[in-house]
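So the structure is just underneath, and the comments pick up after that.
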Amino acid sequence: MKTNYLCRVEELKRLTDTIWLLELDASNIREDIKPGQFFHVKCGEGYLRRPFSVCDFKDGMLRIAFEEKGRGTKALARVKQGEYVDVLGPLGNGFDIGYDRICVVGGGIGVFPLLYLLNKSEGSRKDAVLGFLCKDKVVLENEFENSCDNLVIACDDGSYGVRGFVTTALEKHLEKHDFDIVYTCGPSIMMKKVYEICKKHNIPCQVSLEERMGCGIGACLVCVCEVKKENVLQNKRVCKDGPVMWANEVYYD
Amino acid sequence: MKTNYLCRVEELKRLTDTIWLLELDASNIREDIKPGQFFHVKCGEGYLRRPFSVCDFKDGMLRIAFEEKGRGTKALARVKQGEYVDVLGPLGNGFDIGYDRICVVGGGIGVFPLLYLLNKSEGSRKDAVLGFLCKDKVVLENEFENSCDNLVIACDDGSYGVRGFVTTALEKHLEKHDFDIVYTCGPSIMMKKVYEICKKHNIPCQVSLEERMGCGIGACLVCVCEVKKENVLQNKRVCKDGPVMWANEVYYD
Amino acid sequence: MINVGGLELKNPVIAASGTFGFGREFSEYYDLGRLGGISVKGLTLEPRMGNKTPRICETPSGILNSVGLQNPGVHEFVRTEIPFLRQFDTKIIANIAGNSFSDYEQMAEILNDADVDAIELNVSCPNVKDGVVFGQDPQLLEKLTRSVKDRFEKPLFVKLTPNVTSIVDTAKAAEAGGADGVSLINTLLGMAIDIYRRRPVLANNTGGLSGPCVKPVAVRMVHEVYRNVNIPVIGMGGIETGEDAVEFIIAGASCVMVGTANFADPLACIKVIDGIEEYMEKMKIKDVRELVGSLEFN
Amino acid sequence: MINVGGLELKNPVIAASGTFGFGREFSEYYDLGRLGGISVKGLTLEPRMGNKTPRICETPSGILNSVGLQNPGVHEFVRTEIPFLRQFDTKIIANIAGNSFSDYEQMAEILNDADVDAIELNVSCPNVKDGVVFGQDPQLLEKLTRSVKDRFEKPLFVKLTPNVTSIVDTAKAAEAGGADGVSLINTLLGMAIDIYRRRPVLANNTGGLSGPCVKPVAVRMVHEVYRNVNIPVIGMGGIETGEDAVEFIIAGASCVMVGTANFADPLACIKVIDGIEEYMEKMKIKDVRELVGSLEFN
């Protein structure tokens, strides 16, 4: 039977002014954790749990990177080492792995699940194209550097890496390199653009979606997104059927 | 103008299984703090503040002793050194001091305000008769020992001090000693009995009342008690007109 | 066993409609046979896609939701969900919603031939023809209740909306229409605004408020109804713990439903069941029925 | 200056009736002249002792209260409280409650000769003769509003109860009766039970729910009323911050009242005033009137 877990806080590191990395002792979690899956986390304040992707999981240590935004994440940014955090998961369907040449494309806080995805992928080529607003917002650069073969960082304002949107960087990257799959996570408008670029290059693309959640386990139907499968429009649950979906089913035309 | 204060937690000591002593740096409180006054304290959990009597105040250090009971006090029992607690006060009317021979009579958590009262009183004789359920519930014995001339501790079950109710101990004490005033704080039924004993001995008596509070400052009228003054029944606000009242006005017949 | 209007429950805790789907997801967390019953996701005659997202918004000690009755339709429910639920030793309550008498009547007939244990009539939807919400008009409600009761042989519960001047009036209407019990409260109509976009947070603009924030209103209504009708009352609204459930039972509920609490804790229903047991042991109460409506006024 | 039904306010924040007494205690915390106005503790014709204690009970994100209109009576108010309040540069709103037409009418006449700036009609009390609550019966409410309006020359606001099926109906009734504005919401009727004593926590058994928990219901009602009447709306229910106030204003409130928040923080009203200012600066809005009712539906 599944259950929720109490995990001990090993460390809470500040990565940027608003981004934190939470390291939890998750050695009590027996289940397999797939890249793209998430945990539904009690945050002290707030009635509902908050969903956060797995940023990394290794040797029983669960890493969650999160942005301090509202009530829940503000409370989470105050947990102390030694305290326990109530997490429910791993939840949802992760990325399809097993492709040989992969490219991950992330924007802002969307980069987090892509790190674990790279760490769990074993193909011959693993590239990452990551976009941030500006230099101050760049996170986990070393970790990505270590986890992939080729890291491109783009900043909208040119303050670091290449100047411009991540999608422009991706377009350039795809002109030179070929991939068997592109995985993307970030703002909806960015992911849609990534999908269109992939379509042009005929590369299959998976996206990781965000939607406000209630239960997080598939029962309440508050987190749905419309997908088109075999020409039929249907509601899929981001928490249970996703968060990872095939881009062509989400951004149908 | 009055205001609320943020006071730094210097220490939180466990006195018994359920009683805690909170020491706050209150050097920012400029007002005079009178024995019998209380602070209305934000407790993290819970929408309303919680009222707690001043147990001691010296050299800018405010001491509040409290029992862990419900939501608010459970949260307060978890504050850490260095954190800040939001306190509103000092509030209410304290005890009338200046009497020469005084006796304080406390029951259970009612003993706390009596310690500060003893510390601020300067008469020729200061006695304390304190009652607890059993030995495990006895608190602040040393502090009371140091602050009065004569300390009698009674335990209902005889496990410590004299056996029996504090009121029985008081009756015995008054047979041997005379006082100019008796101050009492504890369960209502105990205070009423104390008043009756005092009446028999013709000693004026002040009581410190408890009532559920909203604002704590006298505006909302949720904390009233009925008192009889010059034969007229009227509602007095425990938070503003009390918590200390003359026993004969509260326990009128 | 507790008998609630003819429905025999092994314990007084039922999962509330719309918060528990058809039980599939929660069956991965515990044996559904531990529950008194399950009120399934609100069913309509035809499948429904529901509202646009966001469908949920957090509020102080609660949530607003506007799922909009997304469901596979009553036929699909009968075909695939009943067989699934029947694997577990628990009662199946079909929660049904419609926009017309005919919707409800057809569903009642379909369910009468199906293997469910009871119907819960969700009457918070507007009657498309009259424009009024069924559950806000006692006369309409009495008529609706009777016409469903005529078509369904097993216990029928009417789920009352709290958005009324007098919930006693609608409870009495349900009773007069032949209901075997009433369940309450459904959600309170509310709204939250994103002040930076100057638009409602929910795509549907308004939504239903539930969770601990509504408990005081729910307990008051359960007690009012208990005092004024002779059919059993099923209580709900913000129940998270055994103590909360006991509060409703003392107020007059024969059994309770647990809704929004399932979101914060998938084991919430089990904790409520255990919590009621603990209270009864501590208070040396043998039978939960002794508690029902045992409230004494000050 | 904001004009609310003829009442000129220096800012859109008024202290809500019953949570602020007659301002005396809060005047020790800040200059009452900083407030748009003060709605004083509900007044009755004769002095009242109010209900037994406990009169308050904490609930999830809110409170239940049953003070029972303890007040010194309208005469004493005129004699001692108005002169005190007039020391401050703020508007005085007399909140009045009665059990009969005659109660209200006499108070209106007394206050018409007194130095108050407006009346707020609290209609959550039952009409002793008819047994119904004035604020739950549109016809009665219209009549009551008119007869007070006939006796009082300055602005008249009617404070609506949320315990109704349609608050639009009662708002329209107030408008038809000549009200210069409506204020909402008053408290939601609720109850809390001490499960160990099996008695209500409040001595009065039931009480009024207020605080952040009710905000979603209040915002929804303010918007409904705003859409359906042509007189200004005064919004309240759970306002703690400037953001909360802005939410009500966007929903349609011309100004707001701050109630229960005063208990947790005696400076709450000031923080709301400052918070609204901050929001306007951030959003580059010059005049709060641009915000009123600026909500667009999704």
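Each chain gets a letter, A, B, C and D, in the order it is written, and its residues are counted from 1.
What we mean here is this: a contact is a pair of C-beta atoms (placed from the backbone, for glycine too) under 8 Å apart; a residue touches a chain by one contact, two chains touch by 3 or more.
Small disclaimer: the values here were computed from a predicted structure and weren't measured.
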> Under the touch criterion given at the top, what is the topological distance in steps from chain B to chain C?
Replying inline: 2
> Taking each chain's centre as the mean of its Cα atoms, which chain lies farthest from chain D?
Replying inline: A
> With chain centres defined as C-alpha means, what is the inter-centre distance between chain A and chain B in Å?
Replying inline: 56
> If you average the CA atoms of chain C and of chain D, how far apart do the two points sit, in angstrom?
Replying inline: 33
> chain B to chain D: how many Å between their CA centres?
Replying inline: 36
> At what distance in angstrom does the C-alpha mean of chain D lie from that of chain A?
Replying inline: 48
> Among the residues of chain A, which ones contact at least 2 other chains?
Replying inline: none
>> Residues of chain C that contact two or more other chains, please.
In response: 59, 61-62, 211-212
> Touch graph across the chains, line, ring, star, complete or other?
Replying inline: line
> Which of the chains are touching one another, listed as pairs?
Replying inline: A-C, B-D, C-D
>> Quick check on the complex: what are the chain D residues that touch chain C?
In response: 52, 59-62, 64, 136, 163-165, 188-193, 195-196, 198-200, 202-206, 209, 211-217, 219-220, 223, 238, 243, 246-247, 250-251, 279, 283, 294-298
> Touching chain D in the complex: which residues of chain B?
Replying inline: 1-4, 42, 46-49, 71, 88, 211-225, 233, 235, 240
> Tell me, which parts of chain D touch chain B in their complex?
Replying inline: 18-21, 24-26, 28-30, 41, 49-50, 53-59, 61-63, 65, 67, 70, 211-212, 260, 262-267
